[in-house]
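The structure that follows is given in the form of structure tokens.
In order of appearance the chains are A, B, C, D, E and F, and numbering begins at 1 in each one.
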């Protein structure tokens, strides 16, 4: 299996509901350093998994929709805790949609699985990974 | 698959037996920076894999048992080389026991697999990963 | 010159005023990974710059005052943009106050200068450094 | 599964053919920081996956063949873009050959799969992973 | 002293002349991860050292002039070994010129010193630092 | 000022005396990742601060004297706590001696100051820096 990974980041505000979250129930924020891995069993004729320019473009477009925002005010997330693992899934879903729209070109359509990792600090991260046909 | 990872560390002394270890047969030591990944196919009602406070507590409790010790004197390890890969397994076993005792709560019991990585330097690390029902 | 550095982190929400900030004028947030360096020309009789337990305790106490908060609502900062460089100074001032209160013991009083670095992402950080008698 | 990983690096020049590569069609270069992971379901009698000295030796020997070279002039790669993902596969193939020659000893022969990761910058990396019997 | 640092990177080919360079006399290449630190004794009315958007723009413009090139063919460097420390100075000089042209605005003109660090691998880096009035 | 830095590491056992050290009074150990920075106001005719091969050789020779040892048994350190900051000074002194012996060649003799940093974990490091004529 071949894997190519590109990195971006976003800086958001949010709060959590539920006693388990303790002080994180207050409005606070996070920098998420985001790695998106594209996995494919073979290389295209250029010798690549995906066009890294297109991949970076797609990742940055997804992160720009969330960046510099208070996620508590995004109606798409109403009734949901925007935890790191949940946001990893959101980024996954949106990257997958970009692939299906053809934003990553033909080699993008051959991607078999994707892993999205959000680093929230030097001591904690979360990820979501799944096949693109799931 | 969702994954949440928390980091801790421990600083131990030990020595190895076997000609293959060269100078590491002498009493020496290591800082192990330890990442414990919890993997689950779904999120709980709070939107999390595990309660990160409980997860950190369990990881720190396991590391505290080993931290600031000479592992050569721990009778649990007698006759064993406490290599990085062996210690990754020890931490795995003890985290698994904590989950089974309920230390990570109900969401902890839903964890499907665990990966423990011990970074011993900037150029070497070892890990152990397995399903929680193995 | 001897230097000892300890690391902590905080996760806050805030917004900036001024056209130069662009989208960062919206309410957003950040994880700041915080390194506090203590500098001294000599070691104390134990062979240390400062008691690292006390130093970590002081750093964590300072960060706890800011952690999991919306800094826009902290009246101490009213009329101020809580930029990364400004917050580095705030942490500096509060660590210095802790030293002067004796929270870091006698060796803490011998610290000649302090540097506080806040990493806001993998591509940007800011710092403030000054002598303790300034 | 047990995993042991060792790190090395190489500094090479090359250029790419294909409009998708943009400015990277010009002769340029890269530092690749290379992690080679050896995976095995069990430890040998010494408590290790592979002899880390032999593993490092094999990795460094493979990297030395490529290091400080212009890959455009290496006839082995003629007609091929030496992309990061392609080079990860090359390193994989050569490490596998070393294992089959016995360079990593008996424990090396028990390695079940290998993953080779090449970090090309702080924001991009590529990898190749496969079973040793593939 | 306040410090703000931004990161970029470049990927270049080059070779060195001189027996001390050993195999690095051959045409090879490097990824340089570049940190540019701007130091100032005070903050501007917005609470910043420099406008980070302008600073990033200036750094990226300087790196773009060198990126994806064979430095052996850049006549500006003829007769010079483009070592990591030498390139740190080149980036410094060009950032300083950008400041003097006003590319970083009024707050940029107040920058007292600059430090440019080029990371060439996980085990080596070089830097150049000087006052802006030197 | 030009700076060149090279990295190595060592893995040692030791214990501390003094109530302030708590559990670290027990025999334990550490991996120290060691950065040695060489600072010089000018480059030599080859365009370098020091011959990086010689510098790495000198650093590795110094670290080899300490690596894979129990520092409690090294009579050179008797009556001393081998804290991170103290060991940074030891490495400094030995690198300085190597420069004075001529191990880093003529360019090595022009080095004006040296900084030695020992990273003991992901959350703590210590350093010693001084002029070479001090």
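Going forward, contacts are C-beta pairs under 8 Å (C-beta built on N, C-alpha and C of every residue); 3 or more make two chains touch, one makes a residue touch a chain.
A quick note: this is a predicted structure, and the numbers were derived from the prediction, not measured.
Undergrad: For chain B and chain E, which third chains touch each of them?
TA: For chain B paired with chain E, the chains in contact with each are D, F, in label order.
Undergrad: Same interface as C-E shows up in which of E-F, D-E or B-F, over half of contact pairs matched?
TA: E-F
Undergrad: Shared interface numbers for chain B and chain F above half of all numbers used, same, or below, different?
TA: Mostly same residues: over half of the interface numbers shared.
Undergrad: Need the most distant chain from chain A, centre defined as the mean of C-alpha atoms.
TA: F
Undergrad: Would you mind pulling out the distance in Å between where the CA atoms of chain A average out and where those of chain D do?
TA: 27
Undergrad: Measure off the straight-line distance from the CA centroid of chain D to the CA centroid of chain F, and report it in whole Å.
TA: Using C-alpha averages as centres, the distance is 31 Å.
Undergrad: Enumerate the residues of chain A that touch no fewer than two other chains.
TA: 7, 122-123
Undergrad: Inside the complex, what are the residues of chain E that reach chain D?
TA: Per the touch definition, chain E meets chain D at residues 7, 9, 11-14, 23-24, 26-33, 67-70, 120-123.
Undergrad: Report the residues of chain A in contact with chain B in the complex, numbered from low to high.
TA: Chain A residues touching chain B: 16, 18, 20-22, 80-86, 88-89, 122-130.
Undergrad: Help me check something: in the complex, which residues belonging to chain B touch chain A?
TA: By the definition above, chain B touches chain A via 1-8, 43, 46-49, 51-53.
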